[in-house]
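What follows is chain A paired twice: with chain B in the first complex and chain C in the second.
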Partner chain A sequence: MIPARHSFLEATARARVRGLLDAGSFREFCGPAQRRTSPHLPALGMPVAFDDGIVVGEGTIEGRPVLIAAQEGAFMGGAVGEVHGAKLTGLLERALDTRPDAVVLLLDSGGVRLHEANAGLIAMGEIQRAVFDARAAGIEVIAVIGGRNGCYGGTSIVARSCDRIIASEEGRLSVSGPEVIEAVEGIEEFDAQDRALVWRTMGAKHRRLTGEIDEIVADDIDAFRSAVAAVLGAPRPFDLDALEAEHARLAGRVARFKGAKDAREIWAALGVNDPDRVSDIEADEFNRLVAVLEGDRP
Partner chain B sequence: MKADAAPATPDISSTERLIGTLFEQARLDRDGALITGVGEFDGAEVAILATTGRTYIGADVALAMARHVLDVMRDAPGRPILIVVDNSGHRLGRWDELMGNNGCLAHLTKCLYFARRRGHRVIGLVNELAVSAGFMALGMATDACYALPSAEVRVMALNAMSRVTKVPLDRLTELCATSPVLGPGVENFTRVGAIRAVWSGDLRAHLRAALAEPPAARDDRRDLGHERGGRALAREVAAQVRAGA
Partner chain C sequence: MERLEFRFAGRPGTPLSADGEALVGVVGSGNLEVMIERADLGGACEASVDTSIHGFGDTWQQVIGDFVERRGLANIRLSINDGGATPAVVMLRLDQAWAGLGEKAP
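Presenting the complex of A and B:
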């Protein structure tokens, strides 16, 4: 019996929050009834959302207290504007007061909302600082990626500022969007229509194989819930030694793959026997592959 | 021919000229667009982390900058760090994305965060240009970021913004006249609280004051944005959520 899957990808932000938290435990802050809408969108003739495209609040996962945020990808591509960003910053700062077992960020965003670009960009800086402040206080911050918009722009930098990232194989994580690279650098540099290229350059499997993402799960809300529950209250070290170790890891990668043109070269060098198959295999098989590769490493 | 092609004086970047104006003396290393070193200011040493030529911050550049910050923390505890910001944003390219430039930029920012926590004053000064993630990872990762009056800060140029948002360029230009959240410019970024102040006139006096100012106990940029009429809601909404209301 294979249990029915509840797709994370297809779900709304609210459904994702409900699915991750214990039933009935969610309490929303600054919810849609308060109608905290963007003050900037109407001037551009754009519709507003009563929650400005993000749900924030608190609840429990397997009885353990968490703060949680979920970006609504269907509203302006989950992009961060003034109110949206301030909700996220405020939530992360609340962690300093309530000390939950974790702050869980369900990211689904193209980055800064261009219609209020300057407020969105400064919000990114504030969110990132609030992530670091929470971590410095010993509170774990977990990023979850598995929505339609992936995790791009400033949101991708925020994601990599967290303790760990859990993603589905549908997840994408990159600072530049494919269309932007193509528009600026030309189709020879990046063909945004080439979906296979997009997935293997920016997709969760490449990020997992290179150590940018910590865990890949199937596109199933319950799978995400289990993965988050398994790491609750286990913050990563946040000190100078950890920073030096991270530096060595990143600098080693950049030096080793200096001339790399395609992810498949990198996967082959990391020990993947059949790089052409990586994109096709399901999460379970992929995770077995990763386990073998990690076990093989000295 | 050769005499015509060779400039009479060596080509000095605006960033190097700026450093020359700010410091009595500076020992600098230049590696491509990256300039690092130590400047002498009022008899004290200030670490310099700079770029020039409106460069792009690729994964390699971000890591080289992070290395410098780590070295300052190790070799010169407490030494202030001046970041001269001059970039066209993160580098757009397949290789940088393969390498996970977002992770490298996050790492650079994390290094600067640690430096601040460990008692290094970290001051930013936008020289020519700061764009989007290049402003996030450098300008906004400071205790305080300043700008020269001639500098430009932006998320995206207006014509590109018009293409992406499908809002006509003339409408965007018109809105920019009244809205500080939309258009490029140092003044707008000052109003939203991302730039603390513009440095004009005596730059050394500005640097002296910036180094002497104790860092804010908490992130006060939304307060500045509120006071300056650039962000009416950010402070209030963040406070409300923090209070769990």
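Presenting the complex of A and C:
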């Protein structure tokens, strides 16, 4: 019998929060009944959401205290507006006072809500600063990516500012989205309709192989929960040495792969015997492959 | 956007017996969110609808009125953000909201 899976991809933000936290432990901040809605959308004749497309609050995972946020991807593509951003920033700032074992960000977003222009952009800067303030205080910030919108634009920058990223194969991570690249560089450079191309360029498996995502899990809320629980309270170093080491790693990566025309060439160079199969294998087999590759590294 | 406000008689004189709220659905194309709250309205029910589609006030009144009557509701406030949902979807969400409120009953 196949064990029941509860898809993270298909779930709403609220269902994801309920599924990740211990039953009954969630306490929401600035909940929908407070009606903290966007001040900008009505001026544009657009409907608002009572929670501005994000759920924030506190709870426990396996009894350990966490702060948690979940973007609702079905509302305006999870895009970050002024109120949405303030809720996220406020949650991260709260961590300085309550010192949870981690702040967990369930990201599902195309980036800044362009309808809110400068307010959305400012919000993104504030979120990133708040992530760094939390990390500087020794509080772990974990990004989780597995929603339909992936993690793009400013939200992708926020994700990469976190201690670590956990994602499902369905997750995508990139600053510019496929349509943006196609519009700017032309369809010869990037065909946004080619989903295989999109996933092998921005998909979570590629990001795992190139060291931007830390762990791949199956599209299953319990799998995400276990992965988050396993790394709670283990913040990564956040100092000048860590930053310089990361810059050196990225410089080395550019030098090593700058001639590659396709992600499969990079995978082959990393030691993957059959790059064409990478897209097809399940999370378990993929993780065994990664373990072998990383074990082979000097 | 169009804002619509409705008031239904409900069960006049019914005292407020509990509090709580529930939120269901997400605002998107063809979808809506419904927040249902218990409030002391003297047994009446109120609904406010913000919808992106103009000119369907009568339809909203009938759908919500039918829901209030069918469930025998009193002291309920409904707040709706709508992205152009059809009446069938609206009715589904209203029933879902009522079920969600029931889960939270003391």
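Criterion: the second predicted complex is superposed on the first by the 296 of 298 C-alpha atoms of A that agree within 3 Å, B and C clash if a C-alpha of one lies under 4 Å from a C-alpha of the other, contacts with A are read in each partner's own complex, and residues count from 1 in each chain.
Following the convention adopted for this analysis, a contact is a pair of C-beta atoms (placed from the backbone, for glycine too) under 8 Å apart; a residue touches a chain by one contact, two chains touch by 3 or more.
This one's a predicted model, so the numbers in the text were calculated from it and none came from an experiment.
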* Would you sort A:His6 into first (chain B), second (chain C), both or neither based on which partner it touches? => neither
* Taking the superposition as given, does A:Val48 touch the first partner, chain B, the second, chain C, both, or neither? -> second
* To do: Name the contact category of A:Arg264: first (chain B only), second (chain C only), both, or neither.
  => neither
* chain A residues touched - chain C or chain B, whichever exceeds -> B
* **First, second, both or neither for A:Glu93, with chain B first and chain C second** => first
* Considering only the touch criterion stated at the top, classify A:Glu82 as touching first (chain B), second (chain C), both, or neither. => first
* Asked: When the two structures are overlaid on chain A, which partner does A:Leu243 contact: first (chain B), second (chain C), both, or neither?
  -> first
* chain A residues touched by both chain B and chain C? -> 45
* Asked: Given the complex with chain A, which residues does chain C contribute to the contact?
  -> 1, 21, 23, 26-28, 31, 33, 35, 37, 50-52, 79, 81-83
* Could you pull out which chain A residues touch chain B in their complex? => 27, 29-30, 36, 39-40, 43-45, 56, 58, 82-83, 85-87, 89-91, 93-94, 97-98, 112, 114-126, 128-130, 132, 136, 153-154, 156-161, 173-176, 180-181, 183-185, 189-190, 201-202, 206-207, 210, 212, 240, 243-244, 246-247, 250-251, 253-254, 257, 260-263, 266
* **Touching residues on chain B, where the partner in the complex is chain A** => 59-60, 63, 66-67, 70, 73, 90, 92-107, 109-111, 113-114, 117-118, 132-133, 135-137, 140-141, 154-156, 160-161, 164-165, 167, 171, 175, 179-183, 188-189, 192-194, 219, 221-222, 225, 230-245
* Can you check the complex and tell me which residues of chain A touch chain C? => 12, 14, 32-33, 35, 42, 45-51, 72, 74-75
